[in-house]
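Pasting in a structure now, in structure tokens, and then I'll have a few things to ask.
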């Protein structure tokens, strides 16, 4: 738009498309490749990560994700819906770690 | 529309209908026929696949699926809802694999 | 409508009511009377069937079900909601079958 | 309305209120007082009953329940939401019955 | 409103605020302090109580709760959503009581 | 607003931004670092805390959270949705504590 040839515009669009993609590291579904964590706090972080990464895998185009902002900050009800997904992921992770019963508390 | 006989139109419509169908491979409900996977990462992929395939089985007509685009990229709230289905499917798969407790981490 | 006496109309209405009912076989809640299936694929089919049949039992009048079309093809969000019900039913069936751990893969 | 004194109207209103209440038998939360059933089919029926009765206990005034019609026949999405509650109740009942593993199939 | 000084009004407002608060007993999260109940019926009642009390703890101001009426009688869909929460709480309580398997039926 | 230079305004904005952030203590995901609690009442409180903290971690900017008020007091349906998240978190915590079966009642 404005200065530059049609080719320039095309290249910019391509570059923009690349920059608007979720980074490759975000497309790994289970970072670390395990559900086992040292503490409940780390287990909780993994639950949040699983939720994020599965959203990124369904929709890797950041532009669609409300112009690059995380989808779930959009509304109070979306926040609650995401916290529900986190609760479900944490159920799985907590069970995998036998609820960290044998670990000293933080 | 435009050139061609009524018959041609009919044949095109039929062919279009065929092309607009979800491919047969997508209608298999549990690809691989097992819930057992080598790693959590593969388990997560299977969870996403189960979610996709059950949507495709309920509605195999791609045109209905918002003109061929995956249904769930429609809105942030739809994305969150799909990520919740994935979390539920993953609970089942993770339990089936005894949470991959005895496998080396990725 | 058009030809026929008032009685005829009444009989037609009655017949139509009968034809618009979900068939009796659809009102069985657990077809086959067991949660045990030979394969995960069959377990998945049973999960879909349980979801369908419980909707049909709540609302056996097909006319209410959006003039005879399956309720859940109405919108992308409905499709996702149904796929969530299927995920929940599958959790039960998979547990019932001990996740088909001892069966050869398909 | 029409004939009768103010008192009559009051009595009619009271009687109407009584008639518009969910019957007492519907307010029992777990009919039969057990989660154990002979077959999956009966377990499924119990799941539907639990869902109904908990709605009736929250809101025993039938008038509020869309003028006496069951609340959940209102829309396709409500039907799906009820079928999700049934799926959750059935998870509990199926576990209580150890998935009817040792019972002959229907 | 009408007679009385500004001070009177203030005191009335304070008293009203006190009266509009959920009673303290409603803010106990687990009445009785245990998940163990004698019967499934009592377990079901506890599930309903847990759901109520957690809503009251999030929002103890009755005025916000639709002018003192229980929040969940508002609409059919709210009723169904509450019945889903009850189903989830009951899953926990039923597991805690080992599904009352060893108790005589009601 | 009113007196002060542009710089003053900027500093005020920065300070305001700091004050509008959820306090650091709220960003700890599992306060106490364990899922084990002495009583069901404390377990319930932890469930509510987990739900709150995961919302705060997704959206730590209080201004977005409906001008500093907790997101979930917005509407009856939001309240019910939060109570559902609490029910899910409590399922995990109750299982971690083996349902407090061996503890004396409160």
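Things to note:
Which chain is which? They are A, B, C, D, E and F, in the order written, and residues in each are numbered from 1.
Going forward, contacts are C-beta pairs under 8 Å (C-beta built on N, C-alpha and C of every residue); 3 or more make two chains touch, one makes a residue touch a chain.
As the structure is a prediction and not an experimental result, all values here were calculated from the model.
Subunit E has its Cα centroid 35 Å from the Cα centroid of subunit C. One inter-chain figure worth recording: subunit C and subunit F are separated by 40 Å, centre to centre, where each centre is the mean of the chain's CA atoms. The mean-CA centres of subunit D and subunit E are about 20 angstrom from one another, to the nearest whole unit. Taken residue by residue, subunit A touches two or more other chains at 72, 77, 81-82, 84, 88, 91, 95, whereas all remaining positions touch fewer. If the chains shown are joined wherever they touch, the resulting network closes on itself as one ring, and no chain has more or fewer than two partners. Chains in contact form a single ring whose order, set by starting at subunit C and proceeding to subunit D, is C, D, E, F, A, B. Every residue of subunit D that touches subunit E in the complex is listed here, in rising order: 28-30, 32-36, 50-51, 54-55, 57-59, 64-66, 71-72, 74, 77-78, 81-82, 84-85, 88-89, 91-92, 95-96.
The residues of subunit C lying in touch with subunit B in their complex are 39-41, 43-45, 48, 70, 72-73, 76-77, 79-84, 86-88, 90-91, 94-95, 99-101, 105-106.
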